[in-house]
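The same subunit A turns up in both complexes below, where it pairs with subunit B and then with subunit C.
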Partner chain A sequence: MAGRALARITRSVTLLLVSVLVSYVIASVALSPRAYFEDRTPRPPASAVDHELAELGLDDGTPVLARFGHWSWRALHGDLGRTLDGGSVNAEFGRRVGVSVRLLLVGTVVGTGLGVLAGVWAAIRRGRLPDHAMTVLSFLVLSVPTFVLALLLKDGALSFNEGVGHTVIRYTGESTPGRGGTWPSRLADRASHLVLPAATVALGAIASYSRYQRAATLDVLAAGHLRTAQAKGLTPGRALLRHGLRVSLIPVVTFFSFGFLALFTGSVFVEQIFGWPGMGSWFLDAAQKGDVNSVVAVCLFAAVAVLLAGLLADALLLVLDPRVRR
Partner chain B sequence: MTRTLPRPPGALLGLVLIALLVLYAGVGPYVSPWSPTDVDYGALSEPPGAGHWFGTNRIGQDVFAQTARGLRKSLLIGVFVALAGTAFAALIGTCAGYFGGWTDRALTFLVDLFLVVPGFLVLVVVAPALRGAGWVAYAGALAALGWMLTARAVRTMALSLRERPYVAAARHMGVRPLRIVRRHILPHMTSFLITHATIATAGAVISEAGLSYFGFGVQPPDVSLGTLIADSTQVALTYPWMFFFPTGTLLCFVLAVNLVGDALRSALDPSAAPAEVPA
Partner chain C sequence: MSTVLELRDLHVEFGPGRAAVRGVDLTLRRGEVLGLVGESGAGKTLTALAALGLPPRGATVRGSVRLLGTELVGLPARDLARLRGRRIAMVFQDPLAAFTPVHRIGDQIGEVMRLHERPRPTRRAARRRAVELLTELSVPEPERVARAYPHELSGGLRQRAMIAMAVAGRPDVIVADEPTSSLDVGVQAEILAALQDARAATGAALLLVSHDLGVIAGAADRVAVMYAGRVVETAPTDDLFRAPRMPYTVGLLAAVPRPDTAHALTQIPGAPPAPGERNEGCVFAPRCPVAGPECDSTVPVLRGVRPEGAPGHSVACLRPETTAARAAADLYPTSPPPQPRPRGPVTALRVTALRASYRTHRAVHHADLEVRRGETVALVGESGAGKSTTLDRIIALTAPESGRIEVLGQDTAALTRSGARRLRGRVQIVLQDSAASLDPRMTIARIIAEPMEARRTPRDLVAARTRELLTQVELDPRTAGRYPHQLSGGQRQRVALARALAVRPELLLLDEPVSALDVSVQAGIIALLRRLTSEPGSPACLLVSHDLAVVRQLADRVVVMHGGRTVESGTVDAVFGRPRHPYTRALLSAVPDPAPRAERSRPVRPLIPLQDVDLSTGCAFRGHCPVHRRLPAEHRLVCERDLPAPPATDGAACHFPHTDEGVSLRGRPAAKGHPPAQ
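This part shows the complex of A and B:
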């Protein structure tokens, strides 16, 4: 048991290290930090650009793997290098990571929670109005690109605010700039900024999880042990809750780590559209500039987040499925 | 079990929609009096009417013709990505599952590695470098980042197929491994692969549209549904037709593909939920 957990963690760490290597190489080959410096007016001399690139560890004369070796040695000591503007990647990371984690956490919890509930509900009401409504809604949500969904929600919030005559839902930024006040009012301010981005991220998750949970619940509803449970006197609802839900959650949990990947991608769009200063918007900005160090830092964050989601899924599976424990 | 599409309304609606959209992409440009590149200087930002069925955009191009052209490119990308991705997934998955051992370990690690780095991030980094290489290179990149889940499922199937008596018989008769994979393993997965390819088509079209929003989609002068939608989001409220028609077309296509894919899945997958829950 402990040995298997250890092997699993070792594997995750290996994956993390290799993925960082791969993203470093891809970013170094595909991006051109040189262009960023050369595009300035007046155009700096080549020697000055060489010097600046060398300072940042991005000198394109050195082989990629040598640059990676240098970078990773510093990274192992907790220094992720510097951005193209000379700032510290660590500091930028620290400023932005909280914003993204908040969005991802709320999106994951709301998305999986509501998705699973909606799926169970649709399965119980199979073939009736709630089931059909859920099916149509989730198909619609899954048929629209995230950015269209975000823009539609934004428009919806705009007309809602106009209808109420008061700005209840805010849709730009992650908090109102320069807002003081007591902490409850600050919390309320953050919450009103969070509603739309979290809803956008969560809607996609709700739609896909509800499909999976619906199918899994239907499988369980047809299983013999539920009929036995009813034969011993449980109501159908109680039988499903006591003996069915746990079984039906197993296939859904195995989908979790991939579901998180989709959610992460969605959050990049959401951060950009709603103006959240998180990891996703940093990534888009850095990729445009050719800022290799920042791009790799975000890839590192993404890899850690996805691997943690995978480990969480494994832990949940361990709790749900006694066969895995053996 | 009969291999028919159950719940005909949904699947039939999907098939009809797909047929109509393919027709639109194929012959739409010849039906319309305007070609996608024509500029009607007398009608800038004109709402839909007799002259321009879907209206015109801000520089006077016909939205009907533009949408047909964008749809054609989106369809091409979707089908290409689905076919290439599924073929690659089938190759990797069967090799991992059938050969086992070190091959399996190496390929599974590869699959996990691709799942750790979000493909979207890689595309954002790679897309600018692919500019000028044409849409096939772009679609190739999309396919290269979307095969992992299918490969995993194929591997699991290959693992169990490998143990079947007829496969063992073939092995003992001295049939070469690749021939066994081709003749005895892959045919058992066709229904699964077809279903996955269908659903992947919709996924690819959506991904391209999403990337277009950040300017990482199809590059001008090419247009896709994604670039048409992305370009019109700013004016979605003031000139709704510029936004509505491409978005509606995309929605119809993805919805139709998902309906057909869902029907295929329940028709072809023997382990899917039974048609009726026993009372």
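This part shows the complex of A and C:
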């Protein structure tokens, strides 16, 4: 058991290293930090630009792999380099990571939780109105791009606020700047900022998880052991709860490790649209500027998050399914 | 005796007019065993499920089910749930699918007690009682079984746990749906015994649903025969088997292969009607040899066979007098048993000292077998014996891991790629599952033509040969234009046979060719195989099967495998009549005999559950061996130290084989110089 866990973690770390290398190379090849410096007016001399690039470790005269070697050596010592403006990537990372983690955490928990519940509900009511409604809604959500969904929600919140008469739901930033007060009022303030972005992130997850959970629940409803449970004297509902739900979660948990990536991508746009100073908006900003170090830092965060999601899925699978324990 | 369960005019329908159960009447009395027998599609499982108020989704139930006086049809789900498990319980066919995979066995058994007993026992108490219950049913290591998850147990243990779960609520009625069909014959006998014990301990009545007449003959007090959704005959077991009156029952009983002798087998031509078909008249009339015009218009009801019939013997037939005192052979086409043949001189297939792995597991340790031209050799054994792996290695036509395979005189290790391709045309195979082995998108004609086209046979010859083959396997030539899903299982298996015979192979491999078929259909395929393998110029045959009764009908010689080793081989008469190896004896004694008197008095020699033995040396069977246990210590040592020599052409791989005078103690001396086994 311990051996298998160790092997699994080793594999994750290897994957992490490969993913960082690939991100670094792609970012370095695709982005042009030189353009960012040259675009200033008055146009600085080439030697000055070279100097600045070298300072940041982005000198395009040096081979990419050599730059990566240099960067990763520093990264191993806990220094992710500097942004194009000369600031510390670490400091920026520290400021933003909490924001994203909050959004992702709430989005994931709400999205998977409600998605699973909706899937079970649709399966129990299969062929009837709730099931059809769920199907239509899911496909609508899945076929609309995240940013359109976000804008629609924003519009909805706007008219809701107007209808109520004062601003209940906020849609810019993740807290009201300069707001003091007691901690319950601060928490309420944060919550009113969180509702829309979290809903946007969660909706996509609810739509896809409910589909998977519905299919898995239908499989279980047809399984022999559910019939046995009823033959023992459980009502259909309790049979599903005690003997079906856990079995139906097994395939869905496997999907979780992939599904998280989609959720993460969605959150990048959500942060940008709702003005959240998180990793996602940083990524878009940095990619626009050609800020290689910042882009790689966000990629590192994404890779760690996705691999953690994978490990979490594996751990959940072990808890849920005795057949995979050995 | 009071009635505990009564079904009256029970219908189970999938949509209007699509009745799968069409008016079943059954009465189950306290403490009795009622066997419900029928072929697939007869509606037995649906009837059983309806008796529990558990019809499948999309099915509607009409009629009446009274359990201890309570009407179940139309009862609210909550009230039904209160009765299930406590008054009526069920044992399902496949215990792996029927147990929830993520809960421990003990908890699943305990749940029944926690559901129904008041005051509700604690989880711990229920778990402890589950262990007690398993002990009562003589489950070995009950503590371990209770702690285990379903996938960690063998099929037999799982089914015993399922029985324990069924009796945990002390029900008045137990419904067992094909409780032994997914198990090996050795285990089957144990499970039937466990079921009887459980029933005796609780005094429950048992509704035993099975397609296996041998199982019914041994276990049931009364039998009800179902056909196409109706009960067509019901009688005390002895009377039914001795003097069946419904033409269907007469044919069915005579179609069952018996393990003790090769005998004439009856075939019932045609196929049962689909649900919704033939709503008027007698459902069996289209296949009935004695049907009259009235049978097409009047639905027969169950009526007592009087005056000459036994009490309790009823039959749903308009012309019961036509079958009185008539043998099945007078009513149905019957195929005579094969004649014993002298052994030919030319070897078609020889496997010597084969060793082979299935995935990472060593499945075959040492297999020997030989098939001569003109004969049929059966390779028998239970699941895990290594039969399939051996067959796989023969089909592969490549060098085995170890040992030697000669196919039609050619050593597979020495074959070139083109040599193997040429050889492949001379060896053909028929598989168990005809639905899976025929391409669903090809017409029957194309399926049969394919092996000929692969050998570049001219087109006009192919067409003529296809017609000839269809006639040969007794199919209507119009079948050629149809697709596999339009045919019945028996017809598909005939197509598979025609395809295999298309290129006139010299060696035919048959992998469980009739195991998926119903008895009446199986009889037709056996008759066909008998004919095809006995004609002059017919291919040599290797028949792989777990079904000893079928093997008895088809084979000239038998090779028995156990635990990846050949343990006995010889002529079919010798192996079945005078088995030498204790394993062969146990295996043969476990086959249920479809004759009630014989079946009940049959001495079953169940395999002893595996003792803790080190299998790296000595005989691998000794852990199960009844002879080994009775041996004097110095003789036992031989079994523990030396691997028995593989059987010669005829004989057993045993140190102390049975002889005509009893167990031979000649054996090998314990003390001196036999080289230790590798």
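Going forward, the second predicted complex is superposed on the first by the 326 of 326 C-alpha atoms of A that agree within 3 Å, B and C clash if a C-alpha of one lies under 4 Å from a C-alpha of the other, contacts with A are read in each partner's own complex, and residues count from 1 in each chain.
One rule holds in what follows: contacts are C-beta pairs under 8 Å (C-beta built on N, C-alpha and C of every residue); 3 or more make two chains touch, one makes a residue touch a chain.
The shown structure was predicted, so the numbers you read here are calculated from the model rather than taken from an experiment.
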item	value
Touched partner set for A:320, first subunit B, second subunit C, both or neither	second
Partner chain(s) touched by A:124 [first = subunit B, second = subunit C, both, neither]	neither
Partner chain(s) touched by A:97 [first = subunit B, second = subunit C, both, neither]	neither
Between subunit B and subunit C, more extensive residue contact with subunit A	B
Which superposed partner A:243 touches (first subunit B, second subunit C, both, neither)	second
Touched partner set for A:235, first subunit B, second subunit C, both or neither	second
First (subunit B), second (subunit C), both or neither touched by A:225	second
First (subunit B), second (subunit C), both or neither touched by A:27	first
Touched partner set for A:137, first subunit B, second subunit C, both or neither	neither
Overlap of subunit C and subunit B interfaces on subunit A (superposed complexes)	221-222, 227
Subunit B - residues contacting subunit A, complex	109, 112-113, 115-122, 124-126, 128-129, 149, 202, 206, 209-210, 213-214, 226, 229-230, 233, 236-237, 247, 250-251, 254-255, 258-259, 272-274, 277-278
Complex contact set, residues of subunit C against subunit A	52, 54, 57, 77-78, 81-86, 89-90, 92, 94, 97-103, 111-112, 115-116, 149, 151, 165, 169
Of subunit A, residues touching subunit B in the complex	11, 15-16, 18-19, 22-23, 26-27, 29-31, 126, 139-140, 142-148, 151, 155, 215, 218-219, 221-222, 227, 257-258, 261, 264-265, 268-269, 272, 283-284, 287, 295, 298-299, 302-303, 306-307
Touching residues (chain side subunit A, partner subunit C) in the complex	221-225, 227-236, 242-243, 246-247, 320-323
